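Chain IDs A, B, C and D follow the sequence of writing; residue 1 opens each chain.
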Amino acid sequence: MSSVTLVVRCKDRTGLVAALSDFVFRYDGNVLEADQYSDTEIAEGGEHGAFFMRIRWDITNFSLDRSGIEAALSVLSQRFDLDYTLSYDDEQPRVALFCSSTPHCVYDLLLRQEMGEFLGRIVVIISNHEKMREVAEHFSIPFEHVPVTAENKNEAEERQQAILKEHRVNLVVLARYMQVLSPSFVRSWRGQIINIHHSFLPAFAGARPYHQARMRGVKIIGATAHYVTEELDEGPIIEQDVAHVSHHHGVADLVRIGRDLERQVLSRAVRLHLERRLVIDGNRTIVFR
Amino acid sequence: MSSVTLVVRCKDRTGLVAALSDFVFRYDGNVLEADQYSDTEIAEGGEHGAFFMRIRWDITNFSLDRSGIEAALSVLSQRFDLDYTLSYDDEQPRVALFCSSTPHCVYDLLLRQEMGEFLGRIVVIISNHEKMREVAEHFSIPFEHVPVTAENKNEAEERQQAILKEHRVNLVVLARYMQVLSPSFVRSWRGQIINIHHSFLPAFAGARPYHQARMRGVKIIGATAHYVTEELDEGPIIEQDVAHVSHHHGVADLVRIGRDLERQVLSRAVRLHLERRLVIDGNRTIVFR
Amino acid sequence: MSSVTLVVRCKDRTGLVAALSDFVFRYDGNVLEADQYSDTEIAEGGEHGAFFMRIRWDITNFSLDRSGIEAALSVLSQRFDLDYTLSYDDEQPRVALFCSSTPHCVYDLLLRQEMGEFLGRIVVIISNHEKMREVAEHFSIPFEHVPVTAENKNEAEERQQAILKEHRVNLVVLARYMQVLSPSFVRSWRGQIINIHHSFLPAFAGARPYHQARMRGVKIIGATAHYVTEELDEGPIIEQDVAHVSHHHGVADLVRIGRDLERQVLSRAVRLHLERRLVIDGNRTIVFR
Amino acid sequence: MSSVTLVVRCKDRTGLVAALSDFVFRYDGNVLEADQYSDTEIAEGGEHGAFFMRIRWDITNFSLDRSGIEAALSVLSQRFDLDYTLSYDDEQPRVALFCSSTPHCVYDLLLRQEMGEFLGRIVVIISNHEKMREVAEHFSIPFEHVPVTAENKNEAEERQQAILKEHRVNLVVLARYMQVLSPSFVRSWRGQIINIHHSFLPAFAGARPYHQARMRGVKIIGATAHYVTEELDEGPIIEQDVAHVSHHHGVADLVRIGRDLERQVLSRAVRLHLERRLVIDGNRTIVFR
């Protein structure tokens, strides 16, 4: 079975669900998943709020070919002023992992790919440490060592951009990558970089969150996966999870417990992105489960 | 704003989402919520599986009146062989609470009603103990004391049925009601009785689940809200939740911790039913969140 | 069975566990619970860190009477420079609830007392709203209406202090009390005021945390019970819990979901305090489970 | 720092905590952790119940050598009729992993060892599939392929026993090993085999638990780590965890979500065993956290 996923965003108005589902039906598509969300809170301003819809259908017997679909959608998008993305499930997104020397998130993502959990494909691993090369090789993924220093940061990012281009990457995953990307790098990948922060944002943003957590004496720690924006740790949150801790847990314990949260949360976020279940709405995300 | 909720169930086929959303649109309804589910697993048999849809729309400017909606839907339902329920949000379901002498679930439901959490209205409390009368009176809900013994069980159920009829009840909630209802009673309220069982079903069905849990040495206990069927504790599960426990927790502790689970789980299940988010599919429930 | 609970805090050194358990044994006490904690992290400074111990024993056959116990403990405390509290389980702490107009936490605490979950006794309810009087009366608890305005704040607090004194209160629980207590009031009840904050501290301290959470687009909300200090929302955290939320949840939903967290977390914190399981260590709490 | 952990089990009586902590103190040991548990519920029979204690102390300056400790403990054990185990933290338990073809639990345990989470050491991997050899080699762990069929089961187990003996193994971890071990094999490793079952026991014991869960329509799935006994899936439970699921999740989704539970729960259980935090009490476990 071959399927396509359409994710739409526009100003709310009547007839949207009808028009989109009718489009699928008229050309003999069978809806596999359909979910919509109207942001009525913003709408309280009087005029309608934002409308979001994700619709996935079987195109095995669809009477439009891909160019026909594009054409038909461009008509629809003009009529309803749609902002949309269309993705064919047989066109797998190409993913790059950025990492430093902590391996748990990298192992986790690679193992999930090996076990067939992902729609996408991890095509390259970029690290500022040589250490991760053997992990990449074990999973037969190309590895690129790009050292980063205060001095060579620009050259390093040019090198990273070249690698991403060469591998035709669609999504960058920062799997505990301990370098801060420059605003220009981030802008060039808006909505396409996912980071895992090892705290329950907005609590403990910035450095050494587990030390901060220990100092504050919190009874729960967390991890947060978010899209990267120019403001560090301020991007739209995709997924979060937490674990209960106690006074018995020193910083080393929090780090250990946190590792389990980090890999779980990052992997879930990547999976949601690859299945086109995420829409960025200002500084929030709409998540179609 | 006035709205209506349509919940549909039928054999899956193409055009259902289009037809239903077009129906809403053609008569100037604005979709507030729409969610659908196609059971593709059962469909693996080759022919299509079951299709479920919940759609809620604003009828403030709807160009059909209620009889017009009924007429239009009957046409649709013949065309697509639909099994559907239609509910106007201004027609609040009328709820009866059955309870014995444990008050925590009753307090919880009454307090939530007082705080406006429910779409429905608790109209009567029926108990086999006098003890709960003062709770009912505190919240100004009619209270009916119906003692139940092995001897008078039939008469007691006739009395209960009469009370339910008198109060035009649509939903019966067993809020820790310690009597087993007869199969005939259950049949007469199919899909309209919600019970809270104080274990993580299917584990520890039957009597004294916390004692069973303590004996087995489980590290997690749970509670389960389900629709009542003729088979005790075997009905479609609506909602479940759990809590971690340890060897430190004796049966009394499990009972105490379990009370918090019971009221949370039961209240969530009742809320889902009252918002028409539940569809019974054989021995499972579809939950439109 | 009558029992006593000793909670000790001192500089760590060898022999403490032996000395304390030997004291219980020598006078024919049977240890019911014993737990200790040595803060080895702080100890990394070279010299020993802090030592904490909670020991509860059966005094049915104890060969020292209460004055004898006091005498023996004063000797021990001089020898080891102990900071300790001794509590007889038959001397129930006397609790005052402060509340405004939101009833869910008050109902929760009163119901738990009625169901025998607490070691302590709620002896008075103080509110700046008349509204809560009927709840107090339903549970037969004295109710005091103390209106608070910017002008009468000092007089109001004098009135509150007088009421607390009159009822010989040992613990003040702020059950969604929407007024800020003055530093002098807080100082006079150091370590004896528990507040529930409706966010996952340190995230969203201050006003309208659910609005803040909605704005930030977090995927999890929380509640935090803490001891009150002069710094608003900065006191030692006792207990926290969280719930998963989504873009579907508007502020009203977050408030509703949050209410369940607030009452659970506050009640657990109060219970821990009443069972003498809490020790304040700087800005953290040691929790003996 | 070198430390030793003593885990004691005996009939409850007065003076046990005093005697054990005094023993540590008298020979200049400093208590690092001490926790005890008296099973008062069983004690309700009138006579005392079971007493359990775990005490860990720094032996850097301990005035008894290892043989001296053994001698002193044998005296104590006679006096109090103690059942005890003594473990020096520098004597790492030697662990064997049994697995079939599903790699996630094996990767998880090996990665945790690599990241220093475990006190023990995984010294050999035994599998009935060749497939796992490369994983073992990547982490530089000896790998033994022992095919198992209905016919060769006895020979296979003899081979496995020989490998375990050769590697001086103390703990066998069944990391999704899909063969059932014979009663005689299990007896020879009583309390030294940990298995992960992919359901929330006692629910869905036996084969294909995720299919059973899907059929029953549960809203939560779980995983259970337990000691292996002659009765399949009936051994003492060590650790459990759960995840919320919905009607959207087909069997394949439950399997995927379950994998995350399995590796988390199994790893936690192994860690607890290696830190000597577990005591088997009939069919339950006492877990000293």
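Simple rule for what comes next: contacts are C-beta pairs under 8 Å (C-beta built on N, C-alpha and C of every residue); 3 or more make two chains touch, one makes a residue touch a chain.
Here the structure is a predicted model, which means the values were calculated and not measured.
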item: Which of C-D and B-D has more C-beta contact pairs; value: B-D
item: Longest centre-to-centre distance from chain B, chain (CA-based); value: D
item: Distance from chain D to chain C - Cα centre to Cα centre, in angstrom; value: 36
item: Whole-Å gap between the CA centroids of chain B and chain D; value: 41
item: Set of chain D residues in contact with two or more other chains; value: 40, 248, 289
item: Category of the chain touch graph - line, ring, star, complete, other; value: complete
item: Complex interface listing, chain C residues touching chain B; value: 103-104, 107, 111, 114-115, 117, 134, 138, 248, 256, 259-260, 264, 289
item: Chain A residues touching chain C - in the complex, by the definition given at the top; value: 37, 39-41, 200-204, 214-220, 222, 236-242, 246-248, 250-251, 281, 283-287, 289
item: Complex contact set, residues of chain D against chain C; value: 14-19, 21-22, 24-26, 28-36, 38, 40, 289
